[in-house]
Structures are given as C-alpha cells and as structure tokens.
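Common to both upcoming complexes is subunit A, partnered first by subunit B, then by subunit C.
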Partner chain A sequence: MRVNGQAIQPYLFLLPALVLFATFSVFPFYLMMETSLFQWDGVSPIRQFVGLHNYAQAILHDPVFHQSFIHGSWVTLLALTFQNALALLLAIAVNRNLPGRGIYRTIFFLPPILSEIVVGLIWFWIYDGNFGILNESLTRLGLASWARSWLADPHTALNAIAVIHMWKGFGWGFVIFLAGLQTIPDELYEAARVDGAGSWYRFWHITIPLLSPVVILVSILTILGTMQIFALIIATTGGGPGYHTEVPITRIFASMLGSSRFGYACAQGIVFGLILLVFSLLQLRLQKRTTP
Partner chain B sequence: MHQWAAYSGWHVLCLPVAISCLFPLVWMISSSLKTQQTVFTDYSVLPAHPHFNNYLVAWTQGRFGIYFLNSLFYSAVVVVGIVSLSAITAYAFSRFSFRGSGFLYRVLLSTMLIPIPGSFVALYILLNSLHLIDTGSGGLLPRLGYVLPQINAGLPFGVFILKPFFDKIPKELEESAKVDGCGALGVFWHIMLPLARPALGVVALLTSLSAWNEFLLAYLVFSRHELMPLQRGLLAFHGTHLTDYPLLMAGMVISIVPIVVIYLVMQRNIIQGITAGALKG
Partner chain C sequence: MTGLPVAHSKNGGGSRLNKFSIADLRLSIEKWLGPSIGNRQSAIGNTGVLAVVFFIISSGLSGCAPQSSEPTPLRVWHSLTDREGAFHQLASRYQKETGIAVRFELYAPTDIYEQKVRSAAQIDGLPEIYSVMSGEMRELASFIQAGHVLSLEETMSRNSDAWRSIFFPRALAVNTLRPGNPFNVPPGVYGVPLDVMNVQIFYNKKLLAALGVDPLKGPATWAEFIALGKSAKQQGLIGLVSGWAELWMIDCFASNYAIHLMGMDKVEATYQGEVLYTDSDWLKIFSLFAQLRDSGLLAEGIVSLGNKQAEQLFANERAVFAFNGTWGVNVYKGMNPDLDYGVMMPPPFIHSRPMVTWGGAGASFVVNAKAPRREEAVAFLQWLTAEPQQRQLTEATQNIPANRLAASGLPEKLAAFADDMDATVHPRLFSVQEGPTVIEAFDKGIQSILIGEATPEEIAQHLEQLKRREASLHIP
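The block that comes next holds the complex of A and B.
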C-alpha cells in the first residue's frame, strides 16, 4: 500500500499544473494545427476541410502578410543595431564605476517596466500631427517644414514606431549586458594593463570576446521580441496608414477577428512560428553552452 | 566633484539618454494637469494652474477607478495562482523521481523558450467554446477566462526559477522532518516553502509586473468596461475620447503608479530576476 501511495504522490502534486497546462497549452497547440487545415468562420458548426490550402495561401498569395514580415524585420534590424549598440555602450559606461550609475540604471530600466499600451499612447501624443510636442519643438527650432503627422504619414510611420520600440527596449538589453560585463574578472584587465595594453585593445581583446555569447543571446531575444511586436502597434497606428505598419501578429489578428478566417489565422501563426523556431533553437543551443 | 569631471565623457553619453527616458513620462504627467482647452496651446512643462481635478474625473467618469480595481484583482489572483502552483510543481520535480519526470519538465519549460505566436487564435476558440469570453452577461466566467491562461503562461517561468532553488535545499532537513512524522505535503509546507521565500518573492515580483501590463488576452476576452483591466481600459478610453489627452494622461499616470512604486522599491530583485531568466537556460 505504502509503496503504491508513494508512487502516486508525485503525480498528485503535479496534477493541478498538468490539468491547466494540458488545457491551455497542449490542447490549443493541437487545436491550432487542426484548425489550420480547415476553412472556418469561428462560429458556424460546419468546417470545410481544405488540406494545406491555408498554408499555400499564407506562403504564396498574401502580399500584405509578406509585407508585414518586411515591416517586422525592418524594426528588428533597427533594434539589433541602434538599440543594442546603445545598450552595450551604456552598459560599458556604467560598468566603469561611473558616479551616479545606480541612478542611470534606475532610469534606463524604467521604460521596460511600463506596458506597451502606456508607452504607445504617450508617444502617440508626442507625435500628434497638430499639437504634439515633437512638431512644436521643431517649429520653435525653425524646422517647421519638418513637422508632420508622424504616425499617419506613410513615410515616417514605421520608423516612428521603431523609435518607440527602441526607447522602450534598450534598457532591457542594458541590464543584461551589464550583468554579462560583471562576470568578466577584473584580473584579466589588470594583467593586460600590466602588459601595457591600452583601453581600446582591452575592449577588443577582452570585453568583446568574453561578452560575445551574451551579445548573441541578446540579439536572438531582440529578434524574437521585436518580430512579435503587437500591443504597441494597436496603441499607435493599428497597422495603418494603409498597411504601412502591419506586422505579422496584427495580420493574424485581422484574419481572425477582422475577416473571421480562423483556419487561415492558424496557418499564418504556424508559418510565423516555424520561422521564429529557427531563432529560438539557436537560443537554446547557446544557453546550454553558456550555463556551466 | 573632480570625480564627475574625470567621467564627463561618459556622462555626455548617459545624461541625454537618461533625459530622453524621463521626458516622455514628465510630459505625460504635465499633460495630465492641463485642461482640454490648454493642453493644445500651453507647452509649458509645469502648467501655471495644475488641474488636479483631472485625476478625480478620470477615476470616476473615465472609469479608471473600475479598471484599476480590476487590474488589482486580476494581478493578485494571477500572482497567487502562479506562485502556489509553480511552487508545488517545482517541488514535485525537485524531490521525486518518477516515470516521465524529465520529459514532462522539458515539455513544460519548452513553452517558455519556444514562441507559438499565433496560439492566441486557438486560445480564443477554446475560451469561446468554454464560454469564458465576455459576451455581455455574467462576470465570473470571463474573469476566469482572463486569469486561467495567464496562470498557465506564468507556470513554466515559476518552475524554472523555483526548481533549482529547491534542488539546493539539503535533503537532511526533510529527512529529519519525516522522522518527526511529517508527510510530503507537511515537508513542503513547513520546510520548503519558508526556505524558498526569496525565490518565491522573485516569481511573485516578475509575474505581478507582467500581469499588470498584460494586454493581448484582455483584448481578446473583454467587451464590457466593468470587467476590463487598465491596459484594455486605456485603449477603450482612447478609442472613444480620441482627443481628451488630459484625462487619458491622468488615467495612464494612475495605471503606472503601482508598478513604478514596486519597481523603485524592488528594482534590485526585479533586475536580477530578469537577467537570470535571460542568461540561464
């Protein structure tokens, strides 16, 4: 009896989590794959089996969906370069026992703790075409001709969103880089200094090689995070003007609740997920290597 | 003083960035103190006649009071749910060897690492068929539909933080308790939980931030204002009062006060938790 009791016990401890996990993670995962093979409006009891048609549609015949990948990739590219370079530079600065570093850290990490909705709406107001502080500042600087409706102008909308995204995100990269820098032992720098190495040499031959796993990890997480941008878009442009700021998730949303094509939305999600999978497998591999 | 000068090059870099971090927040507060008439013409940072009444109006007529209490309620339920569920799950993984434990553990954690970006479509279908989507009547079911998937979503992170922590607690402590007649549940409750308090705190802290800021699920589930949390309510307010910036900004200030306070008090733990989550796999 006792032996039996002990064998069952661990499963009893796990039961609540397993029920929840099976219901809200495993089953939806299955449901998503299954639904992607049907044409279904989400309400009617009848679904029409269409095989891989939804996938063909998503991969071959949906230019707006493809455009949304280009938009996501563009913002990702900007985040990978400008945002992460800034984050790294600031982390290096603060890591040198800079006076006031605690205050800087507190301030830099403030945007990341705010919600995308709050951040998006603040910037919506700053960018406002008629009364926004950005246009007002430009006017006062004598650059009135630059003033525009930043989020409604097709030429600037996507970059305006990228700026918001990077403003919100660099503090996150900053704290991770800072943690990475603090694992590099001071003795290495000391030894190099004794050998007469200048600060530029120390940066390229100690900091960069030892930090490179962290840099790659932050890059992957930046890709995964930025490609899945959503709430920020909803709070600012909703994908507009036209389709100029559509990203993959807003397209999936539009397929689902906009045009009630649930099967198609699932197929789009799976296609998008498979693309992201490449990056998350890279990440897994890397984390295994960096953890002792 | 000369110390600041020696580092002036770095301050030239850091200071403008710090100011650009703070300015949008200062501008939000500033705009929240202006009136519908002055907000479009008065560009001063400190308005001459701060209109604190906006906060009262936002709280009552703007419905931010309701949204705020809803957010408080949802966040509390989600945090308690994640902490207790992930604690007991992590304990089971840490202390028992049983068939399939390694496999289950890996499956659970994989959902944290592998993004399934369109999974909300299936979640919506599921919630809809379970009547957990807000359709205009009843309050309990949509609230449940909002809270349960969040508890599930936070579970892997909680287990990920807690299991290594439990692993490090020496087994001798339990053995002696078992000799004293404590069952597995007693050991968990009287020995493991109190010892794991710091790790439980990290899980509670980080999940409360993400619960407070949650938007996508709220967007899917709720259609009635009286059920909406702040993030959803802010968007609803913005949608119906497009140019009422003073009240919107007041509502946003109300919405960020709790997390900014928690952040300022607990920032060391928050940043530690975030970096641990990112750097260790």
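The block that comes next holds the complex of A and C.
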C-alpha cells in the first residue's frame, strides 16, 4: 500500500511535541499509576504488589489526609470569597479613569510575582509571637489582649496562612478581572445611564452578567491554585502546629519523603488529582452554560 | 527582522495555519539561508527539510553534552553549605598530591538533596561518593539492598583496624549494620563519618547570671531548669528557643529524656510493641513537655519556630537557652561573634541513670558500589578523614572532626560537645525502628501538648490506637 506523503505530514510535525508530551506527561503519569499499586520505599529493588490497598488506605483509613482536604477547602473558600471580591473591587476601581492607575496595576501585581518562600518568611516575622510587627501594632493600639503567636495558635494558624495566600494571590484575579472589564463596551453603560439605570443596577445587570465567564475562570484558577498550596505552608508552619495547617500536598510530600511510602504517596496524589479533575469538569460545564 | 520569515499563505490570513506545509517551510528556509543557497538547493525535498529540522534539534541537544579533554573527576554530592569552600580547597590539594581530580557538588537544602539522591538511584546515576541523609537505618539499608552502597568493612579492618580506629566509635556506629539486623543486610560499616555532632543546650552566660544562676554551672536538674521560666518571664526574656517546627528537633529532645528515663531496652521494646505508649514512663516523658509549657520557659510559638529563627533569637541575646546542635557554634559565631555562651547537657530528670544526648555522626559519606572507580573513592575518603584534612575542616567550619586524633586542641566550646560524645544516642543505634507514621504522630502529639490542645494521656492513647491501626493495615 502506498502511503500518501501529504497525509503523514501533519503527524510528522506533531511528532516532536507528542514525543515530549508522552515523555514528560503521559509516561510519568503511567509510572505514578503503576507505583500506586505497590508498597515501595523509593529506593529498594523490591516492590510489593498491593493492588488497591494504598487507595483504600488513603480514602478510608487516613484521617489526617482527610483533614488536610478540609483545611485546603477552607482556605479555598476564603480565597474564593474574600480574595476574589477584593480582586474584583480593585479591578473595577482601576478600570475607571483614576489618576496613576498604571501604578496601582503594578503595585497590585507585585505580590503574585514574589517567591512563596520569601513571602512566607516575611509574613512569618510579621506574625511572630515574640517580636512580630502585628503583635507590636496591636499592643500600641491598646489591643494587647489580641496579641498571640498567630502561626502557633491552633485557632488562628490556618486563617493566618489563608491571609498570606490571599494577599499573595489577589493580583492574579485583579489582572484577569481588569482584562475582562475592559472587554465590556462602554456603549452598554452609556445606554443604561440614558435609560436612568443607577450604578448598582449597571453593576448587577451589565458588569456581572458579561463578566461571568471571567468570574468562573478566576474561580476555577483559585480553586486549583489554592488546593495545591504548598510552599507557603512549608515556609511558615510546616503543616503544624500538630496537623492544623496540613493540606493535601503537604501530606503527599510527607508520605513520599517523610516516611518513604512512595506507593501510598502516588495513590494519594491520584485521589487528589481526581478530585481536582471533577472540579475542573464541573467548571467547564458551568462555563458552557453561562457563555452566550 | 532577520529571523525565520513567517510562512507564506495561499489563502489569506484566516487559514494560514491550516495551509502551512513543508513547501512553505522549505521556502522559508531558502529565504532565510539566502538566495544563493536557495538556488543551489532548489531541489530541497520534503525529506531534506525535515532532515534540516532534525539536524537543528539534534545539534541543540548534543550541544548540551559536556565536552572537555580534562580527566573525569570523582564526583561527591553533598548538601553541606557551610563546608563548600573548605571542600573545594581540599579537592585542589588532593589533585596536587595525587593527580586525581575530585569535584564536590552542592545540592541544598537537604530535602532537595534527598530527592536528587533518590532520583539518581532509580537510574543508577549516583556519583562515586554521596550521603544518605535520613536518620533512620531502614533508609540506609534500602540503599545497601539496592546495591548503591559499598561495604567498607574490609577496608576498615585492614592493618589491624587502622582506619576504623581513628574514628569516634559512636560516629562509626551510626554507619554500621549489626549482625542479625532486621533488614537482612550483611553486617559491617557502610558509611564514613566526616564529623561528629550532638545536640545540647546552649546558654547565654550574661542572661543566666541575670536570672541569679551561676553561669559557670547552669541549672543542674530538670526542676531547677523549669523553675527559671518564671524569672525569665519576669525579666522579659525568652527562656528556651529551639526549632520545634522541625519535628526531628522535638524528637531529639524527647528521645533524650525517654532513654534517660527508661533506658534503650525499654524504648526499643516500645517500638517492638511489647511496651505501650500508655506506660507510666512514657506518660512522664509527655508530661515533661506539659511542664515546659506551663513553666513559661518556652519561646512564644515555639512550635512554629524553624531552627534558623531560633538561632537568630539566641544569637541576638533574646533567649537564655537554645536547644541546638554542634553546628550552632559556627552559626552563632557568624551571627554574633561577641556572644558569650556556655554549653550544657539537657538537665537530668532522675539521678539513677545518666543523661544522654542525641548525636553521632554529623555528616557521613557512602561510596557508590556500582561506580567503576569505587576504589579511588574509598582512597579519597581515607585521605579526607586523615588527621591533617580533618583539622583543616574543623578550622574552616567549626565542626568536631570524626577523627579523634584531630579532635585534640579544639576550641573550648567545641571541646564541650566533643567531651560528651560518649553520651550520645541516635535512632540508627536501635535494632528495631518505630514506624514512620507513629514517629510523626509522636512528634506532632508533643506539639499538641505544647500548644495546650491535648494532654499527655490523650497523646499516649492516640499513639497506641495508631500503632494498632498501622499493624492491622500492615501487609506482610
């Protein structure tokens, strides 16, 4: 059979990308799936096949792993609400013809480009229970009774992390919201104004509906980004005190390097990945429904 | 623009990508290379263009390969940032003396280093010399079983134990697998200690005197130690700092007192499941942390302090005590050269058994058993641990040398640590090991006691439940 040269050309061009994708994405994922079916310490030549035991343990018998999902979800919920609300408000403010709005754009986008480790260390000193700026400020304001070791107190540690995460992350939402706002034609607002619509009405009936695809995009990025929070926690609490700031990735990391249970860590990673996949698919459906 | 021109379109911009073909690419390349080449190569076919593309890619890749006529050096992977400079000086000296090049490669921090070593082990890409960082013997045993670590037993035993005899016995012990070990690894020495360390309590002499304690002695008992919390607080001082956000530091403190109070046999029996964590002795251990919490001696938020932050607090004379390792001597010297401090063993809780402290080998190197030049690597380690080199390392980095002969004439503060080397204990010295999940729960449980959210009894119960659960889930 004669192979048509024209027919195979596209595949030849795709080949390098496919090879790279298969080498660095598909094959590692396959290895991860395979490893999750074994009990293995990551070094030993002997791997014991355990079937779905690792999955059963991760799903049914690991309360700390389950707790880590609750922690991750809580930070995500805070980020979805407060962080994104702040990002939207600031985007709306900068979208108006404020003097020096270019400077605001730069300032708001500074935290996201900083290293999470650096941010974590800076906030660590702000929150420090002995000589931290936050406690010092509270004391000067006559609120000394509020002073505490924010990252070591089980009642405040997770929320303190969430504040750092939101501070660092709102710039992303801000930029995307701003881009979305700039795509809404001014004519719509002018027409609504001529019809006597107030600013609140214009916001709810023009801005929000037209911005909804962007809101969904920002939401899903927030969910994926926040559920995978890791470096910030390593730089501040390491998951402590106790298990109070453990999140899914810190648990996977602990299983892999802390206790050398590579098979189990892979199973945890796949369970976690599947949950994020479900969120992503839900978002895609929602986006399809809301996109005109 | 002098780069590769954009491909020609036959049907306008809207379908540029769809219509892009090898013919377009050929035209582009001809334009890019210039008309003369284009004319000469007017017969460039599809295969020819593809060949050009693959040539460019492959030459790019081949360009990544090192091309040097110099002899391949012995490679040493380490994560010891403070010793990097000294290592390079020693490598230069070794090359001058023997003609053999050695390249020290630093990969830090430790967890990154560990990942690198594990990854390299998977593809047999380990260098001639490296470290197995984990404190647990099972980790070293795994590397040995996988054939990544050379047994040094024979070399150590040559000439009536000539090499073995130069080391502090405890430093060598943590690199030695004993006969009948639970990992079924042939007994013998598998690692070469470079220096030795232990973890003790540093105290600021000036601040201690301010608390009314003789700075030459320090508190002699646990009760005296705890009592200082109140007076430290009254004077606005932090009592004790340590990096107890790092679980292993908590583990050091706890295991010191566990072995002091119970002896190694009973601790080992607990690991084997013969003694319960709800045993009264273990409850006493957990209660020590409750006492520390209630005494006011601990730094605010000690469970969120990394050791680096704890070191800064002590070096800045904010804290009276610091629970820290031998490396602290060098760290404090760098942070505050005028700091006047002493070193003491953790204060004993009982008098019937001597106090112990966590320690042994500070850094150890192993030789890759699969490396063709393993014998040269062993020879280099013999040279590196000889007295002159060990003295040079000590001078440069303020660590206690693993070679006992080089440990004479140490500065006063280091000598205090060296004197207590015989009182050190280390997890690798136990013939059985506790499960990693239980170890983590043990350390996190102590954090929970320190923040006042759990009692010693609750933690003991939790550990027992966890141990039973782990046993039931264990796959034989």
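The definition used in the following text is that the second predicted complex is superposed on the first by the 258 of 292 C-alpha atoms of A that agree within 3 Å, B and C clash if a C-alpha of one lies under 4 Å from a C-alpha of the other, contacts with A are read in each partner's own complex, and residues count from 1 in each chain.
One rule holds for everything that comes next: a contact is a pair of C-beta atoms (placed from the backbone, for glycine too) under 8 Å apart; a residue touches a chain by one contact, two chains touch by 3 or more.
On a predicted model such as this, the values are computed, not experimentally measured, just so you know.
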Check: Would subunit B and subunit C fit next to each other on subunit A once aligned, or clash?
Finding: clash
Notebook entry, point to check: Looking at the overlay, does A:114 come into contact with subunit B only (first), subunit C only (second), both, or neither?
Noted result: first
Margin query: Tell me which partner touches more residues of subunit A in the superposed arrangement, subunit B or subunit C.
Written below: B
Next item on the list: Please work out whether A:152 is in contact with subunit B alone, subunit C alone, both, or neither, and reply first, second, both or neither.
Entry: second
Notebook entry, point to check: Is A:200 in contact with subunit B, with subunit C, with both, or with neither (first, second, both, neither)?
Noted result: neither
Next item on the list: Could you say whether A:176 touches subunit B, subunit C, both of them, or neither, answering first, second, both or neither?
Entry: first
Checklist line | Partner chain(s) touched by A:283 [first = subunit B, second = subunit C, both, neither] | finding: first
Checklist line | Touching partner for A:44 - first (subunit B), second (subunit C), both, neither | finding: second
Next item on the list: Check the residue A:261 against both partner chains and state whether it touches subunit B (first), subunit C (second), both, or neither.
Entry: second
Notebook entry, point to check: Should A:53 be classified as contacting the first partner (subunit B), the second (subunit C), both, or neither?
Noted result: second
Margin query: Just checking: does A:130 make contact with subunit B only, subunit C only, both, or neither of them? Give me first, second, both or neither.
Written below: both
Next item on the list: Of the listed stretches 23-31, 131-139 or 149-157, mark the one in subunit B with C-alpha atoms clashing against subunit C.
Entry: 131-139
Item checked: Set of subunit A residues, in rising order, touched by both subunit B and subunit C -> 9, 16, 42, 124, 130-131
Item checked: subunit C residues within the subunit A interface of the complex -> 21-22, 46, 50, 57, 111, 114-115, 118, 121, 134, 138-139, 142-143, 145-148, 238, 245-247, 299-304, 306, 309, 313, 318, 436-437, 439-440, 444-445, 447-448, 450-451, 453-454, 469, 473, 475
Notebook entry, point to check: What does subunit B use to touch subunit A in their complex?
Noted result: 3-4, 7, 10-11, 13-14, 17-18, 20-22, 24-25, 27-28, 31, 39-41, 43, 85-86, 88-89, 91-93, 96, 98, 101, 104, 108, 111, 113-126, 128, 148-149, 151-153, 155, 159, 184, 188, 209, 212-213, 215-216, 219, 231, 234-235, 238, 245, 248-249, 252, 255-256, 259-260, 263-264, 267, 270-271, 274-275, 278-281
Check: Which subunit A residues qualify as touching subunit B in the complex?
Finding: 7, 9-11, 13-14, 16-18, 20-21, 23-25, 27-29, 31-32, 35, 42, 86, 89-90, 93-94, 96, 98-100, 103-111, 113-119, 121-126, 130-131, 133, 136, 167, 171-172, 175-176, 179-180, 214, 217-218, 221, 224, 227-228, 230-231, 234-235, 248-249, 252, 256, 262, 265-266, 268-270, 272-273, 276-277, 280, 283-284, 286-288, 290-291
Next item on the list: Could you pull out which subunit A residues touch subunit C in their complex?
Entry: 5-6, 9, 12, 16, 39, 41-46, 48, 50, 53, 57, 61, 124, 128-131, 149-154, 157, 236-238, 240-243, 254, 257-261
